[in-house]
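First chain written, first letter: the chains are A, B, C, D and E, and each begins at residue 1.
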Amino acid sequence: GGGGGTEETGGGGAAGDERTSIKIGIPNPTTGPLADFGEGTPWAEELAIKPINDDGGIYIEEYDKKLPIELVFIDTESDSTKASEVTQKLIVDEGVDLLIARHTPDTALPVSAMGERYGVPVISTECPIDPWKAGGPYEWAFHAFWTIDSVYELYRDSWVEAGLQGKTVGLLFPNDPDGLAWAPVFAERLPQDGYKVSDPGRYPIGNSDWSSVINQFKQDGVEIIAGCNIPPDFANFMKQASQLGFEPIFSSQGRSILFNASATAMGPELADGQTIEVWWSPHHPYPSSITGQTAKDILELYTQESGRVWTATIGYKYAPVEIAIDVLKRCKNLEPETIRDAIAETDMVTVVGPIKYNEDHLAFTPIVLGQWTLQDDGTLDVEIVNNWKNSEIPETGEIRLMK
Amino acid sequence: MKTNLLSGRSTILKFIALIIVIVALFSVPSWGSQYTVMFFMLVCMYIGLGQMWNLLAGYAGLVSLGQQIYIGIGGYALAVLSNYYGVPLFLGLIIGGLVAMLISVGLSYLLLRMKGMYFAVATWITAEALIVIFAGWNYVGSGNGMFIKAVRGMPTSTIYYYSLVVAIITVIIVVFLLRSKLGLGLIAIRDNDSAAETSGVNIFKTKLYCMMISSFLTSVIGGLFYMSQVWVQPYAAFAINWTIAGMFIVVIGGIGTVSGPILGAIIYVFLNQYLSQFGGISMIILGIIAILVILFASKGILGTIQDKFGFEILSARRHSDRTFTGKPIEELEGSNL
Amino acid sequence: MSTILKVEDIHVAYGRIKIIPGLSFELREGEVLGVIGPNGAGKTTLMNALIGLVIPTQGKIIFDGVDITKMSPEKRCHLGLGRTYQIPRPFEGMTVFENVLVGASYGAGRTEAKARPYCIEAIKKVGLYEKKDILAGQLTLLDRKRLEIARALGTNPKILLLDEVAAGLTEAEVQDVQDLVADLKTTGITIMWIEHVIKTMVESTDKLMCLSTGSLLRYGDPLETMNCAEVQEVYLGVDEE
Amino acid sequence: MSDYLLKAEDINAKYGDFQAVQGASFDIKKGEIISVIGTNGAGKSTLMKAIVGIMKPSGGKVYYKGEDITGIPTHKLVEMGLIAVPEGGRVFPRMSVLDNLIMGSYTPKARKERNQALERVYELFPILKEKANQAAGSLSGGQRQMVAIGRALMSEPELVCFDEISLGLAPTVIKDIYATIRQINKEGLTVILVEQDVKRSLKISDRSYVMLKGKIVLEGNSQELTEDEVKKAYFGL
Amino acid sequence: MDALIQSLIQGVLLGGLYAAIGIGMSLIFGIVKLTNLAHGDFLVLGSYISLVVTSTLGISPFLSLIIVVPVMFCIGFVVQNTMLNKVLSKGAEPTLMITFGLSIVIQNLLLYFFTADARNLHSSITLKSITISDGIRIPVIYLISCVVGVVVILILGAYFKKTYQGKAIMAAADDLEVAQLMGVNIKNIYGLAMGISIATAAIAGVMVGMIYNFYPTSGSSYLVIAFAVVVIGGMGSTYGTLVAGLLFGLAQVLGAHFFGAQAQLLTGYIVLLVMLIFRPQGLFSK
């Protein structure tokens, strides 16, 4: 066993003088279906923590010394049950002072829930605010991301920009937490904004055939598809749509093609022109609060060191560590309550944007619209084509219809 | 004759040892770290899960791949009852168990007509269907699942005590069941159902009781799991992984033995906790361990030890008289393959 | 002696294959009825119908005044029908004792504790006492047959259905079985006995019935049945001795 | 030693600690019929299993056609013409009767003669032809025994070992089978009969062995052995 | 009307693919009575091996079968002979455990070597389809997969019906000892069966890899399909598997057609459970 306290709640670290570090627990989907999100860990987190620890750590008044930060990673196997279990282990065995939760509801929700149960502060990101909020009210967990309404509005703005006002929108949402959170927003707001809606219902994830959905889209004359799908489902849908002669002129997708690998596996014919919500990219202008590195710097370094293409998740691995450092710098001691209160008072700019939590423990980070574009060298990359409400993030291309 | 652990003094010794173990277990929160408590809590839950799978597969010959049905029901019942109706958690566990039992009765009428792997697959598909149903059912939060808000801040030791009691109950129930007439009928059915039937055993009723007991307790364990995990979500609650865990525990420990699942649960929880630090390769190691154990001890660790030394802890075997002489004759020498 | 079992024009088929096309007979209490007939005549099928493993498509089976035609095997067992299997089906994971205990507790509707003495008695009767704690899976073929009898006896049957229990036994052992049957008969158990050993059938039965392709070829006094020409032809064959 | 087709020397066989066969020896010449008799549990079946390699003998040697075949896998022995019919009418229950019989002609040598062999089996057991497409598991006890015997005859064996051949068969069929055995024996087949029926065994065989508690306690020319003598040995009197 | 016809066509084609996914399982599950929880993972392993072959040799996925099939056969053979044979006689659970172990080992090895990235087997015909009318099209890749599935099943059916080797596998599964006594070399017989099973899974894997994107963890969804198909069809019945595949595919597609996308899986499962209730031993079992 580790330094778990004897008190029932508050899994604070080892008591008093023995303190040699501050522990941050990070459950990560290293293996399993979400492993795409897990990629880049621990590289990004360690990148963030290195300058601090090189400097001896963070000064905590109670101990009157600098304490280095120790990151404890643990694999959730992309399974929410396992995520709960390993988070418990982090809390009671490792005695972490703080938890970082991110990467889809399957990680963010169980980790936040565990923090609530044990009274350990949680910095949560990268999971749409709506499903996270459903688990509240929270006492110990804080969350920063965007809302589905904001994505909706971004999409709507881009459709207008692309000259698609009032067209028929096909809804492609699964019956998983994300899909179920997204679909009602679209279903409700689209008609209000003057769009026609074709809704075939929430399909089960892992679906192997899409002909009924495609048939309905064809019948209803769908021109725009909006969805929030897991990548394999969306790729399979697009392939079959193409086989069955359904060709939307615009597609606005959440989650479905976040990663370069997903786009590549789908093939340039189908991926080119797809639009997605971009939460972080090399074009994001916010410098690191730790080193001043820009998004571009960080991502170039990543590609250089790992040989992998950039992904938006890197920023959301880096930013929570930034928040944690900022928070800890403001803590006089390491009592969970102290840390919690410090989180609540956060007001800073991270690589993913400004963070300031409201009374519901929520902060809103910016998103912009990206469009997958076939590059001259035959690879696919995302261009930023709409920066509605977040004009500090520069547009890098013009919005266009799918061929 | 190697050992005779079953008669006279050794029975008393065993009884005393048992009491000591139980008392020791109850005292864990008073001396152990919070992690120790959590460790034993998980062990207790998995013992229960394993015992109940063993009751079905090891004794009744009902190899189920659908125990997750009851885990999920237990979790959801707790969530619904406590969130919507303010039912106390303890009561929620019991009501959840009863609901699961009712469901198992319904399912029995459909599924008990099937045998062998047909039954196994049918139970699994039922669970998969439940995922689809729960994921589309708004009342239970659909795909988003539900937070059991009442358990926030609940001390681990409380859940541990619940789990310990449940684990002990499962063990006691299995032992008593097997020593009862019902157990005799169960094993007879497992070995040859039509012969059992013509010997007067009501196959359906016997299996039904078994399913009912198993579903009730599995559901209570499901409730306990979700008490400690707070968030219940259909894809995880009705995932086959629950049954796989139960199966791992039983098969590694020793199928068809009462003590096997206890050892199996300890091994399982230990491996899970220990290996989680190895990230990517932890699952590979777990898989390899599962394979190796089965290859070298196909009856599980305790099952193999029992065979070797010819004794059984907590045996359900009936002896025609008090002196036990039936050392099992080894496998066919030079058997095929 | 009153009639304990009455079979009225039963028809039995496995799917489309008709095995018994209408068969009627009666069995009196305390009687030993022998059943012979060529292989595949439907003897075992008849027994399966009596015990409830296959339900006749037509006709009635009345046992002790109760219509049991569609009753489940387990209920029939409680009423007092016990059987052995031609190809023994012991509970392999159980000891001999436990095997018999199943019959003695479930079949006879006793508690386990009460069933134990009956169980030992049944085991002794068939001569398996020394092997009572051996796993049934390890018995030889013939011991398995004995176990079949013991298990059926344990259920405290009013009618005992024996399916080729003496096949493959040595002469002396067959004699043991005959003695056992005689002994059971004195306790008032009615017996229906399928066997291909002619000598035994003639010596030990009160009535002998010969089935051929599911129909009654002959029913009556054992010697007469044996000596009847049709039986000689389809069953016994031309004697070379 | 090569005037023997098969010779077993001092065979021991065990189930776990239990020694079921203890130093049994016997031999058989080409063209002979021998019978092995003994009470139930004497170890006859075990001895046969040890000969044909289903069970590994814990001691002793088996020679076939002058060659040491101890420990040679069963399927090789079958190719060499040595085949056994296990007791209890064991069929492949899920396969059709025809397929069961065809499995009998599995060895390359037997495949060539398959159709003639099949005709012969059908002639011996006409009922099997009727049931050719029925699953063997649904046959009556006696019919299964017929399948088991027929299947062995399909393999064009040189030496057959029948374990309890007449078990469960109707008297006519037994008579036919014994007649057939005599017939094929004349055609050159060597036969080992494991039987309970002392009278019949003595009558048909050239020589007999009596087993008791895992040992061979009496052997001799069948015509010279008196039934009394055999019975004594039989029960160990 | 067009939509219904399109759904019917799609259901049938999907059914052929399902049958191909299930056939290897039917063989090993029905005949050898071995439950292979790693069936789906072997299938995906086949997809990955094909991926390696196509990308290194630059050949089409169809051609890659020449290498994939023998390689997977060997893997199946070795797995059976080194592991599963040892526990085959010990009841259902030990094999469940071993194949479960294999399942997680394969998944995580794939993850280790190929990362979690989405993959697919690229072929020029992936997006092609035959246009019947405006509303009705037949996707070429589905059509080919369906045909391949049917052909594989017919070949396997003939193999078990006509060849000695096929019968020997069946016989060994029924009674190992007697099979030996008939001259069957039982040492490799199950290895052979598993080899065939895994090889057919790999064929399905290549087809699936061209139709769907795959990941190291994709196997479990194919396992469910394989189980469903085998159980509906009746274990070990090759033609039953074909009919079951069609039934399951049609049930899903028509379910979605009539009751909306959310009903797709559910109707499939309900059809399966109802089938099981009325034919607890599968459609075509004897």
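In this section, a residue touches a chain if its C-beta (ideal position, glycine included) is under 8 Å from a C-beta of that chain, and two chains touch if they have at least 3 such contacts.
Every value quoted in this text rests on a predicted model; they were computed, and no experiment measured them.
Asker: With respect to inter-chain C-beta contacts, which pair, B-C or B-E, contains the greater number?
Answerer: Of the two interfaces, B-C and B-E, more C-beta pairs touch across B-E.
Asker: Please indicate which chain is farthest from chain B, where distance is taken between mean Cα coordinates of the chains.
Answerer: When every chain centre is compared against chain B, the largest gap points to D.
Asker: By mean C-alpha coordinates, which chain is most distant from chain C?
Answerer: If we average the C-alpha coordinates per chain, A ends up farthest from chain C.
Asker: Using mean CA coordinates as chain centres, what's the chain B-chain E distance in Å?
Answerer: 31
Asker: Could you grab the centroid distance between chain C and chain D? Build each centroid from C-alpha atoms only and quote it in angstrom.
Answerer: Centre separation, chain C to chain D: 29 Å.
Asker: State, to the nearest whole Å, the distance from the C-alpha centre of chain A to the C-alpha centre of chain E.
Answerer: Each chain's C-alpha centroid was found; their separation is 36 Å.
Asker: Averaging over Cα atoms per chain, report the distance between chain C and chain E in Å.
Answerer: 47
Asker: Quick check on chain D: which residues sit in contact with 2+ other chains?
Answerer: 15, 54
Asker: For chain B, give me the residues that contact two or more of the other chains.
Answerer: 132, 136, 280, 283, 329, 336
Asker: Mind pulling the chain C residues that touch 2 or more other chains?
Answerer: 138
Asker: For chain D, which residues count as touching chain C in their complex?
Answerer: Touching chain C from chain D are residues 15, 39-41, 45, 87-89, 127, 134, 138-146, 164, 167-173, 175-176, 196, 198, 234-235.
Asker: Residue numbers of chain B touching chain E in their complex, please.
Answerer: Within the complex, chain B contacts chain E at residues 57-58, 63, 110, 113-118, 120-122, 124-126, 128-129, 132-133, 136, 240, 244, 247-248, 250-252, 255, 280-281, 283-284, 286-291, 294-295, 298-299, 335-337.
Asker: Help me check something: in the complex, which residues belonging to chain C touch chain D?
Answerer: Within the complex, chain C contacts chain D at residues 14, 17, 36-45, 86-87, 138, 140-143, 164, 167-173, 196, 198, 234-238, 240.
Asker: Please name which positions on chain C make contact with chain B in the complex.
Answerer: For chain C paired with chain B, touching residues are 51-53, 72-74, 76-78, 82-83, 85, 89-95, 97-99, 101-103, 105-109, 111-112, 116, 119-120, 123, 132-135, 138, 151-152, 154-155.
Asker: With touch defined as at the start, can you tell me which chain D residues reach chain E in the complex?
Answerer: 52-54, 73-75, 78-79, 83-86, 90-95, 99, 102-104, 106-107, 110-111, 135, 151, 155
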